[in-house]
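Two complexes, one shared chain (chain A), two partners (chain B, chain C).
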Partner chain A sequence: MSPLLTVDLTYTWSQALADLSQIAAVATLTGFFLFAIVVDLVLPKHRRGGAVAMTAVTGFAFALATAAYRWVYGQGGASAYHGFATGDNFALFFEILFATLGILTVALSHSYVRKRGLLESEFHILIMAAVIGMMVLGSATSLVTVFLGLELLSIALYIACGFVRTESRSQEAAAKYLLVGGFASAFVLYGMALIYGGAGTTVIPEIAKRLDATSSGNPLIILGIVLMGVGFAFKVSAAPFHMWTPDVYQGAPLPVTAFMSVGTKAAAFAMIVRVFSGGLPHLAPEWQALLAFVAATSMVVGNLMAIAQTSLKRLLAYSGVAQAGYILIGVIAGGQSGLSAVLYYLFVYMFMNFGAFAVITLLAGPEGDRDRFSDLEGLARRNPVMAVLMSVFMLSLAGFPPSVGFFGKLFLFTAGVSAGYTWLVVLAVIMSVVSVFYYVRVLVPVWTASARTDRVPASISSQGVLWLSGVASVALGVYPTTVLLLGQLGANPISGP
Partner chain B sequence: MSTSQLALLVLLLPLAGMVLLAGRGWRMPRIVTVIVGPGVVWASFAGTLALFFGNAHGDFTYWTWIKSGSFEVPFNLLVDNLSIFMCLVITGVGALIVTYSVGYMEHEDGPSYARFFTYMDVFIFSMLLLVLAGNFVFLIVGWAMVGLSSYLLIGFWYQRRSAVLAARKAFVMNVIGDVGMILGAFVLFVTYHSVTYSNVFAQLNFCNASLGCHLNAHVVTDSPTLELAAFFLLVGAIAKSAQLPLHTWLPDAMEGPTPVSALIHAATMVTAGVYLIGRMHPIYDIATYAHGTVAIIGAVTALFAATIAIVQTDIKRVLAYSTMSQIGYMFLAVGVGAYAAAFFHLLAHAFFKALLFMAAGNVIHALHDEQDMRKYGGLFRQLPRTSWSFLIGSLALVGVIPLVGFFSKEQILGAALSKPNDSLALAVWVVGAATALITGFYTGRMWWMAFGGKPSPERALERPHEARLVMLVPVMILAVLTVVGGFIQTRALGIGPSAVSDFLASVVGPVGWEEGAGVVVVGLLTMVLGAVLFLAAYRFYVQRSWKTWSARLPWAQRLLERKYYFDEIYNAAFVRPMDAVADLGMRDIEEPVLDGAVVGAGHAAVAGASSLSLTQSGYFRNYVLVFVGGAVVAAVLLLIRASS
Partner chain C sequence: MAIAIFFIAAAMAVAGAVGVVSFREPIRSVLSLVVVMLALAILFLLLSAQFVFVVQIIVYAGAVMVLFLFVIALFGPSRELARTRLRFQSWLSGLFVLALLGLIWAMLQGVQYRQPDKGVDLSVFGTVQAIAVGLFTTYLYPFELTSILLLVAAIGAIYLSRKRIDDL
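This part shows the complex of A and B:
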């Protein structure tokens, strides 16, 4: 008898409620998402934008509060919907991260969308949909729900990338993202099918029990790992599957770029950790070899390509490729120290990278994004606060102490060395040195004297985003303990190597 | 408020003042700077007083800053009687001096004025961090930041070339010390696997909760490792405290504004070396060679600096050399193991040297920035309050009873003289006593040249005005402290209270030997001889009735005026060879080889990036090609791996 046929199909109301509480944050946000659609339909045109923005921020805040409440009162952990989702600390950690990111994105994009004359209400609704997809990825414990979250996130972002309908670059970005993204989704799905074929189940903890070290002799399982790994690497924009990144980052409207540069990456890492570390612990040598190859390629390609860029968006895109390589070291190292380093880095990466994009977002004019180096000229005089914060973000991305970037890398690299991946860490350190060149290069126009005197205005909500990101980029480095502890607790449910 | 929060508050208040002044201060009216700059230091002083009267002690860990394998750095503050004592000196004397600066710096324009107080607050913060740190990492952070703020303040008038050069020299010398400190801390970390004082000292088996700290020589014996660490730390101490041979920066540092000289280069920063050796006394008590070296360096510096002070004509430079000399006494004291005596002298010196500098500042201010004593003369009647204060400071420097300088200096000499079975202590006593006599002479020369006799014909103005109240009151407060301060510890006379020694006994231990009655007599004799030489200087420099000794010994005069040729020797031994090597390297190695390689690598990277960019064509088909190519490579990699 196959175990599949013995599944218990009884399902009570109390069970349904208990299961719903496991995904409370996702459910809350989905409720607000539906409400936002209704608001958009009902309200007169000129009032929709602000109302939907308020709904979105409220929804994110409630989701954040729900996740935080469940974290503090320790209600998470149980498996829900027959093992398809869970509300463990790992899921809660990412729900908190994504809800924070959602608030930052809405706060940043409000003035940008108005300035460029875009449809504000739909914009925020798309962001909400994407965040729901990310949260689903964080709490998915079945390959089916993983794929569901992945598609929900991707489809919302395909539309958001092409949001500026009058601009061909934006359209090109959306088309490319859709085509390559569909290609990658096919890879992931094929890989999942092979793993399902080998394990006979899609529930990740079950897969971990059924596929032991002997499965590495089965070439179909290996192919499954390769196909899924390639698709995952595409989502974290790791080389050599990164080619879409610069084009899409450059074409998409800036707040979308800011959002996806942090959110997609974090969601995809949640997925990698869930599936690889959590689901295939006995096949670790296989996927570790795959990820090591991808990490090494990413660090080299990302850092070298970033040197030659003249567009700030493309530069940050390649920097994101390189950063994906660093974070992969933590996944490869695994264990509590490796995974907690990954979670810490993803959390602080949100602030430093989003902050950097936020500065560029504020440079944008009504006619389009301004992301040349020359657009930063004289920023020190045009908006001193932004100049200082941009320096903080760049130095943090480059890994200068005592910023979060330094400690994040320190934790990742320490885990890498203690797991025996010294060669990878040596490469990472060398490439980090290279990265200092292009990060500091961004600061040259900011601080050199210039004839430009036009002010760079920033709305109050954008200023809030900048300050929060800047303060967090320094404060969480001076005082890393809390977030690191959260990362450790968040990594606990993952039983992998 | 708990003690740990209070200690953190004491530390962070000056930092908050600095942030406020640096961020907004220069845009706000001047009164904000006047209130915030000294205000935060006074508030910090009040907090320290609360710690003092609350009898606070403890090792407070606020959070773990770095944890990486076995390497763990907590952010902890060590509050014990020694750190409270140092905090009292830093914030108490510091607050008086910062208040004095309100008047002294009044001619600066708005931004410069705020900048000065920003730097002063940074300095107070760094110094507090240095003495409150409970581990080597934050000690080094404070140590380096003190050097930085000293650099900023020496070069405060950055329009002057000499000030910038002096600042650079001080920075380089201090960095030599920082390197020594870091190496010393590293040796200790490698040996004892910890960076906190408590863990390191516990392994030296010195401190015991029930018995306090005392020598347990049976458990830990001297070792080359410990000596090495002690010598490295000593390098840091002598650089910061301007002891031989890393002393050349201190006289040049007088280019900074006078309140800076009073605060940093007399009362606090330069005594950090004494604090360091006192704090590290569990190490030095075992590492006897390093410990002896401390005493020798102190004694030699004391004598060396005192002799140079005889020929200086710039009033601030005389005071600078006398500072070196007095810190030499403190080193001498910690070197022979009389820690409490050293810290008592540190306190006394903070009082009278800050007093002397600020009184000299009043004179300089009144005479339009004239510092050459030969152009003073006859100021006693014209600036009576400043002159009386200066006289009190001078007599304390000479060590005249009952001023604070007498009790502290004689306690050091007494401790050295009476230390049993120690010929080194006896030798340094001889040098110390001789220095005391020279001190009497050069102080007398300074006093009589500047304040005695008739006004010099070269003086900038006929009738100088007494300083403002904001500059006079701190000076007078210090004058009162100099007069009465000695009575808290009259041990040098063999009777009366010994408050400082009792207070510090819980950290540095009691003096391990008794001082005989004969010591008191010798001490009084030294004092009388010093005072006689002080008076004798009147005959030399005002009456000129005795032919000046320098006319008879021109070579000695020249030797002293060139400061024993230290600057010239360092120039010839280090600076010029380094320059030559650097020139050679620049011409023959850097430009053709290294630069070529770096530029070449840069070109190669850009070229590589450009050729990589070719793959980034923008065509979807190319992207898919690379994508599939990557997937195939990965699949082949894993399948080969699995089948092998």
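This part shows the complex of A and C:
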């Protein structure tokens, strides 16, 4: 009998509390989230911002510690709450990733929000809510919780995109993201409903058991896969469903752009791997074909469109479209090597992409974001540390050895070749060569001589973000084994050891 | 009988949905949305979901729609400006809708429908009691997640709707 169709009257509070340990990171962060709202309510106006920022960082640090503790001492995780969630290594890997990202975001946005005169406490509270949504997504083992996590992170980000109420571009970004995001959610939900209709359950491991290769003759399942795939492609901003990405990235305040460029992508990939690789392994040929098309289009469109951009935010948006294509190769390849390459790449992508956005964030003035190529002019003299780190991030995104970007692509592409997708990998390599052009083009104004001498100040917390991202982008490339091993352990619950 | 009611309600829902997007006056769009909500409520009742049926009428067709009407009345029922569409937009969209419908129709010819699971007692399924017990046992986790979701939406609505930064 399906665990979802009947009501379990024997379920007691002690069981619910025991299940809580499986989603310990989500629960911890939710506690701090509620506490931050109270802090914002009771403190005097001038002390709220700093206190909420501290609460947020503490919450992320505790969530990180909880997940790390369970990773080291846990017993591999079990199904909790009647199959709605789990605390397996896959979930823990993403919880660690999202908690780190949360700390980076709060540290970066603290000075930015003050400089632009925005309300600080609401900003951090929304970021916390989005991270909770991402963690829920990472630990979800039911289509119901997948959708709830997706909505939680999306709603928090819709508001965060329109956070600058006085700037029409920020409002435009919020409206566009809301409309397109709602559209994508509807696609995902419709696909999930059809899969539920075909399988009779929403619990993902249960779906994997009930649907075998003969289910590919069932149109309900095929339509469900296609509709979910379209919605997922929207969320990872893969072409041809990427139209919203440049506009939203450009309009949203920079720390939000930095946060969502990494966070939404990682969360959406966690969702794709959970649902497709974990829930529909016997229907792999169907969704692999769909994803291969999306991956090829993303790499071509993303890289070619990035060349023509004059705004750094839009350039990085199209670069993100292309990167989504590379990562999809790992998902298509599947197995332990493919999925661990995906997890490795998502983890290191956080540092290189967030670092690049962090540099641009520090250029922002009180009047708004400065994201034109000319704003980078003479950075080598104005702030030499930032110039060096920006070069590290760009070369890493382009995939130069010994950076993390090189090893990330290497793992993804070898997995792709050994799974028989040579044509896709050849396309990816060609497009990576194209990408070198626009990544290096960003570095030209940084290193050429310029008359500009105005300094670029960076607060201590932003410097910390820059250094951490920069060091990680090199160190995890020089010594990639640790994270790759963690990625393998994280992929085990889906791919099997 | 049930099949006939299903098709009547489904036709109402589709007609209402078309009305929502095709009327130019916001008031008419909202009233079409009420039709959609009522038709959906009937569909829920056909699936023996009595509680959802009542909630759908009271909350959606009732409270939410009244709020919509209030907001539109406050802003003044202005007509949507004409001539903002591309020249071939309506023809093209109609063509795509027909193509998509045809595709879905063709695919649905081979659907293997599942039998309902054994052991489900339809006399208690969908009652207030069954839903209440379910929310606090089997569906505890999604239920709590939904409450966080609504809390975040409320925070966002307050942030976006206040007039000046000093108001908070």
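Operating definition for what follows: the second predicted complex is superposed on the first by the 483 of 497 C-alpha atoms of A that agree within 3 Å, B and C clash if a C-alpha of one lies under 4 Å from a C-alpha of the other, contacts with A are read in each partner's own complex, and residues count from 1 in each chain.
We take it that a residue touches a chain if its C-beta (ideal position, glycine included) is under 8 Å from a C-beta of that chain, and two chains touch if they have at least 3 such contacts.
Keep in mind that what you see is a predicted model, and the values were worked out from it rather than measured.
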{"item": "Touching partner for A:377 - first (chain B), second (chain C), both, neither", "value": "neither"}
{"item": "Partner chain in contact with A:158 - chain B first, chain C second, else both or neither", "value": "second"}
{"item": "First (chain B), second (chain C), both or neither touched by A:293", "value": "first"}
{"item": "First, second, both or neither for A:219, with chain B first and chain C second", "value": "both"}
{"item": "First (chain B), second (chain C), both or neither touched by A:307", "value": "first"}
{"item": "Chain B versus chain C as contact partner of A:11, first or second or both or neither", "value": "second"}
{"item": "First (chain B), second (chain C), both or neither touched by A:120", "value": "neither"}
{"item": "Shared chain A surface residues [contacts with chain B and with chain C]", "value": "217, 219, 222-223"}
{"item": "Residues of chain B defined as touching chain A within the complex", "value": "63-66, 68-69, 605-606, 608-610, 612-613, 615-616, 618, 620, 622-624, 626-627, 629-631, 633-635, 637-639, 641-642"}
{"item": "Sites on chain A touched by chain C in the complex", "value": "1-9, 11, 16, 19, 23, 30, 33, 37, 80-82, 84-85, 117-119, 122, 125-126, 129, 132, 136, 142, 144-145, 148-149, 151-152, 155-156, 158-159, 162-163, 165, 197-198, 200, 217-220, 222-223"}
{"item": "Contact set on chain A toward chain B in their complex", "value": "176, 179-180, 183-184, 187, 216-217, 219, 222-223, 225-227, 229-230, 234, 239-241, 243-244, 246-247, 285-286, 289-290, 293-294, 297, 301, 304-305, 307-308, 407, 410-411, 414, 418, 434, 478-481"}
{"item": "Of chain C, residues touching chain A in the complex", "value": "104, 107-112, 114, 117-120, 130, 133-134, 137-142, 145-146, 148-149, 152-153, 155-156, 159-160, 165, 168"}
